[in-house]
Amino acid sequence: MVKVLLYLGCTIPTKQYAYEISARNVLPRLGVELVEFPEAGCCGFPLKGINKNAWIYMSARILSLASMRNLPILALCNGCDTSLRKIKTLLNEDESLRKYMAKLLANEGIELHTDVEVYHVVDLLHDVVGVNKIKELVKKPLTGIKIASYPGCHLLRPSDIPRPEDSVDPRKFDNLLSALGASVGYYPDKGGCCGATMLPYSAKYALRVVAGKIKNIKEFNFDAVSTSCPYCMEMLDAKQDAARSEVGDESISIPVFYLTQLIGLAIGLSPKELGLSLNLSPVEGVLEKLGVSLSG
Amino acid sequence: MGERFEPRIVVFACNWCSYAGIDLAGVSRIKYPHNVRIVKVMCSGRVHPEMVLKALVDGADGVLITGCHPGDCHYISGNYKTMRRYLLLRKLLRQLGLEERVRLEWISASEGDRWAKVATDFVEHIRRLGPLRLKEVMSAE
Amino acid sequence: MGEVRIGVYICHCGKNIGGVINPSRVAEFASKLPNVVVARDYMYMCSSPGQMLIEEDIKRHNLNRVIVAACSPRMHEPTFQGVLKKAGLNPWLLEMVNIREHVTWVHEDVPDKAEEKAKELVYAAVMRAQHLYEITIHRLPVVKSALVIGGGIAGIRAALDLANAGIKVYLVEKKQSIGGKMAQLDKTFPTLDCSKCILTPLMVDVARHPNITIYAYSEVVDVSGSAGDFKVKVRLKPTYVDWSKCTGCGYCTERCPARAPREFDEGLGTRKAIYFDFPQAVPRRPVIDPKYCLWFTKGICRACEKLCPVGAIDFNQKDRYIELNVGAIIVATGYELYDMTKLREYGYGKYKNVITGLQLERLSDADGPTKGKIVRLSDGKEPETVAIVLCAGSRDEKHVRYCCRFGCAAAIKHVYYVKHSVPEAKVFVLYTDIRAFGKGYEEFYQRLRGMDDVYFIRGRPAEIFEAKDGSLIFDVFDSNTGQLLSIKADLVVLESAVVPPKDWESLRRMLKISCDPGGFALELHPKLRPFETTADGIFLAGAIQGPKDIPDTVAHAAAAAAAAIGFLSKGEVESTPYLAVVNEDLCSGCGLCASVCPFDAIEIKEEGGRRIAKVNVIRCKGCGACAATCPSGAMQQNYFTDTQIVSEVSALAGGAK
Amino acid sequence: MLVSLEAKLINRKYLDSVKELVKPHTPQYCYQCAKCTSACTASKVIPEYKPHLIVALTRMGLIKQLLDSGIIWACTECWKCGEYCPQNVAPVEVIIALKNLAVASGYRPPEDLIAMARNVIELGRISPPIEVLSKEFEIYSRESLNLPPLVRPYAHESMRKTLKDLLGGL
């Protein structure tokens, strides 16, 4: 049993409810005790373009709040994971930055601490819970379904700070999918970017990025895609229709699942417990193969 | 505010690695504090502990002994002798409360940048410790 | 020597020193120091008028100490020692003060402090100079033979030059055959002659030369002694073939049933368990690879033993060791390719059709795994499109910082290979800069870029992916056209970065020579003495000093040989000036000095009823460890006596008065 | 168009603040291999977006024309350029520095980004919880999904003040 602070960030608790629902229902069944962390706000990731210090400050805040609770952080979002690990590294390496942040936080009664463990769902499940444990719990293996893992940029890069996955050859995500009985495989640019950060600049171009990704995956005959980042999900799943119309290519259509949703299906949870009715991509076909239906 | 304390630092440098590394900092125009004064010896193994003490007694605020990295000594094992001698010297310096004033560092012929960093760090370190003034104390006695 | 009379000379070194501090003021300061008779400054002390100035002063003012404050003693100490010698003074009455590398070049932002520092250094030198004395150099005979380590083109050329000059040469090669990397090449740039055709005659010359002994399949395991008199221990690895009986008929290699990956083909082809590196191998004597031989692995077969017409097979062979006595050593161990699996974004080792330039050489060579056909490794098909990536791992902070110096020309040559083997193929050359610096290289580049369907793209791919058919897809931004190009290639050739050989580090430590940041052997001077090392009698030939192409390697090797010949033909070697010297009146014969000497240069001898330390001037290398250990101060080191060092330390610690 | 390298174009102050912000990365080390642009996510869909060119313009001090164009906001921050740059220049860090510099000099970032920043200041998150539609056009909210209500971050008032100071007059 491992006890962690459930750090939701911004996108998950305000929009990507399926991730939150599936994580809350699946993780405890794998032996992960989730402790609420409601006082933590945004990690600051979206602010870094406006002011890098605002980013550092927001993450320094989360790290300090977590260390007051004396528990490791579990980030569900790739952006949050990168922020927390990057800022932890920056603060540990740069004495003057640390002093500056400590001063900002002291104003609001927070003592700066960075000695807190940060996990993302992928490395927590792979390295702490373990593939074997997950294998043992599988009741309905995802046999015969070929799933493309889509780790997302910020699970991999920048690699000069500790990352949940290998930057060039990510394997953990695939290992987890294999444990569920699914088949996995290579496709070009597995470490590629979904384009979400480009949205505020131009939705048109961002949609072209995601269209390209899906085309790439389909060429290698995958039945579905799985991700562990709310931004990637937003792009691949919610914006799939828009991406299809943007490039005018009808073949751009693929079911997209959160990793936690697939684990939930494999260990026998119902679609409702996994928020599957919120997925906007065509997930029905895969569910049918598994003998479950959205309404059930 | 008085003037900033400018420590006086004596550096023993072996001819083959450290002196060449210090030269390389010059050739590469890498800046470091002016406070260091280099004494060339053929090998760091030539440095007698008394020479270090003499430097401190005669007015140095800090002493840096530099040599080739372990395994790289031009004379096979001179730097190992330096290391053993330095550990003994530190024991003595500890009793005198001077152990912070003396350091042993390995600088290779290709480490001009490392030398500049070592020199900068050591000067800053001694500056924080403040003046030693052993010479004044000794002459007062 | 009577009264101490010191001359002090401050060099401006143009603006290098004079642009930061005021040398006249430093000279003025020096003129007031104890026993200073004359102090001057001059624009370039090292120029001949500068040298003349000192020489005349020595005579006119009867000087017996000279201090030159200028650049590093590592630069011009010998120059000014020469001046003293010319003026009839012992050269060790010179003291140099480094006010360029140690002062003006690093403190130009604080000129006041720099000048103060220069003055203090001059002051310390004056105090030290009071205690200098004349030093006698002893001369010792040298052994007129040389060891060449490494049998590539560098070692071959050096060995031949030495041998032709009448010097006995031992050539030690770790592989079965000499020839090195050059033997693996199909052709050489920029002339495109067949590499083996120009190399193998030289290999045969080496084998036949009466002054050369080859130790192939051997390695140097210990080096002791010193310049002029090295003792070198060589391990002859077991070949399981008695080479003295073997005639090199090769029957065994034809009939051996066991196959192994062929190193000579960079892992692409296969060879037998008993093998020559390649058909023209020198010496033409095979070795058995116990990792693949059926007798060693399964206890069966012994076909070679049964078939050998002269009974040369000997499965019981063990390591043998020989000891060589040589006056000089030439290091010619060459280079290795940087492990391309470390450049992970290009997928070498993961994608079958990503290969190194050296592997392309093997594909192109008629003796290679495909008999000279360039094919895709995944399916053996002719490639329609080939991409050649330059600077693969070179000029990269995360991999190898320096330039490989032959990747550009090799890439141009590789374009030729592809077009020669598959004339209708499209070739993309992905370069950052084409450095065609050698003689004939630019013309070669022009010729190849004039060919049809050869595209020089100024850009570097970031990630290479595999398509479903095993071909490779990647994007590359071409700054010539300003376009991001998407390329699909059947074969990707990486012009790999270059590093020192893996086992070099242990040999380097045996030889006690330094290395540069890339790990290559450090030369004595990067421009003026690029083939000598800080260790007397040890010379560098070829790529072990830094990456080199063949023309540069050969020139470097010949230069190293010439330097070694010069060293050996002088007939004698000088003792170090920094000898350990014993004050026999003070010595108690305790022997501590002998116990710390790394060169066995001190013996404790009975003399007149007491024990006294005696220094062997041949063996002493002048480190001074003994002097630092001596409890009575009897052991001193020339030019670095306790008094000399302490007077300098004391002056620097106390500051100039 | 000829660009004259006059003193006003080569604005050292801009260059120096970028250099300070990207430490320990050194934009001057860039030798224009354009490996960053070969890797870049944005370059594949926006032809005029070229990280190597952004670095080149930055090191020349031609920063004003770069900020005027607004192109820097197209970066997806996928960090591939930082990962593969052979000189450790990490163009993404340079671009983040340029964005900061743009905002500090009065350029306006994309409106959506401003909205996000305002929400972070006021609510602690980039957006309030929204209602979402399922494929069957059913409306869901946190409440209807039985998810616990969101609360304001710890010490929100003081955080608000600090953030406002840092983010300036957005």
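Letters are used for the chains, namely A, B, C and D, taken in the order the chains are written, and counting of residues starts over at 1 for each.
Rule of thumb we're sticking to: contacts are C-beta pairs under 8 Å (C-beta built on N, C-alpha and C of every residue); 3 or more make two chains touch, one makes a residue touch a chain.
Note that the structure is predicted; figures quoted are calculated from it, not measured.
Colleague: Work out which chains are contact partners of both subunit A and subunit C.
Modeller: In this structure, the chains that contact subunit C and also subunit A are D.
Colleague: With respect to inter-chain C-beta contacts, which pair, A-D or B-C, contains the greater number?
Modeller: Counting C-beta pairs in contact for A-D and B-C gives the edge to A-D.
Colleague: Can you work out the whole-Å distance between the CA centroids of subunit A and subunit D?
Modeller: Inter-chain centre distance comes to 21 Å.
Colleague: Between subunit A and subunit B, what's the gap in Å when you average each chain's C-alpha atoms?
Modeller: 52
Colleague: CA centre of subunit B versus CA centre of subunit C: separation in Å?
Modeller: Once rounded, the distance between the two centres reads 30 Å.
Colleague: As a quick test, compute the distance in whole Å between the mean CA positions of subunit C and subunit D.
Modeller: Taking the mean C-alpha position of each chain, the two centres sit 48 Å apart.
Colleague: What are the residues of subunit D that contact at least two other chains?
Modeller: Touching at least two other chains: 44, 80, 83.
Colleague: Multi-chain contacts in subunit A: which residues touch at least two other chains?
Modeller: none
Colleague: On subunit B, where are the residues touching two or more other chains?
Modeller: If we look for residues of subunit B contacting two or more partner chains, we find none.
Colleague: Who touches whom among the chains?
Modeller: A-C, A-D, B-C, C-D
Colleague: Show which residues of subunit D lie in contact with subunit C when the two form their complex.
Modeller: Those residues of subunit D that touch subunit C are 31-39, 43-44, 47, 50, 52, 80, 83-84, 86-88.
Colleague: Using the touch rule from the top, collect the residues of subunit C that touch subunit D in their complex.
Modeller: 345, 391, 395-399, 432-433, 458-463, 474-477, 479, 483-484
Colleague: Show which residues of subunit A lie in contact with subunit D when the two form their complex.
Modeller: Residue list for subunit A touching subunit D: 9-11, 13-15, 17, 20-21, 24, 36, 38-42, 44, 46-54, 57-58, 61, 65, 104, 107-110, 153-154, 157-159, 167, 192-193, 195-202, 205-206, 208-209, 212, 275, 277-280.
Colleague: Along subunit C, where are the residues that touch subunit B in the complex?
Modeller: 72-74, 98, 100-103, 105-107, 109-110, 113-114, 116-117, 120-121, 124, 509, 512, 514-517, 522, 534-535, 578, 596, 598-599, 621-625, 627-629, 637, 640, 642, 645-646, 648-650, 652-655
Colleague: Under the definition above, what is the set of subunit D residues touching subunit A in their complex?
Modeller: 21, 41-42, 44-46, 73-80, 82-83, 90, 96-97, 99-100, 103-104, 109-113, 116-117, 120, 123-130, 132, 134-136, 138, 140, 142, 145, 147-148, 150-156, 158-159, 161-163, 166-168, 170
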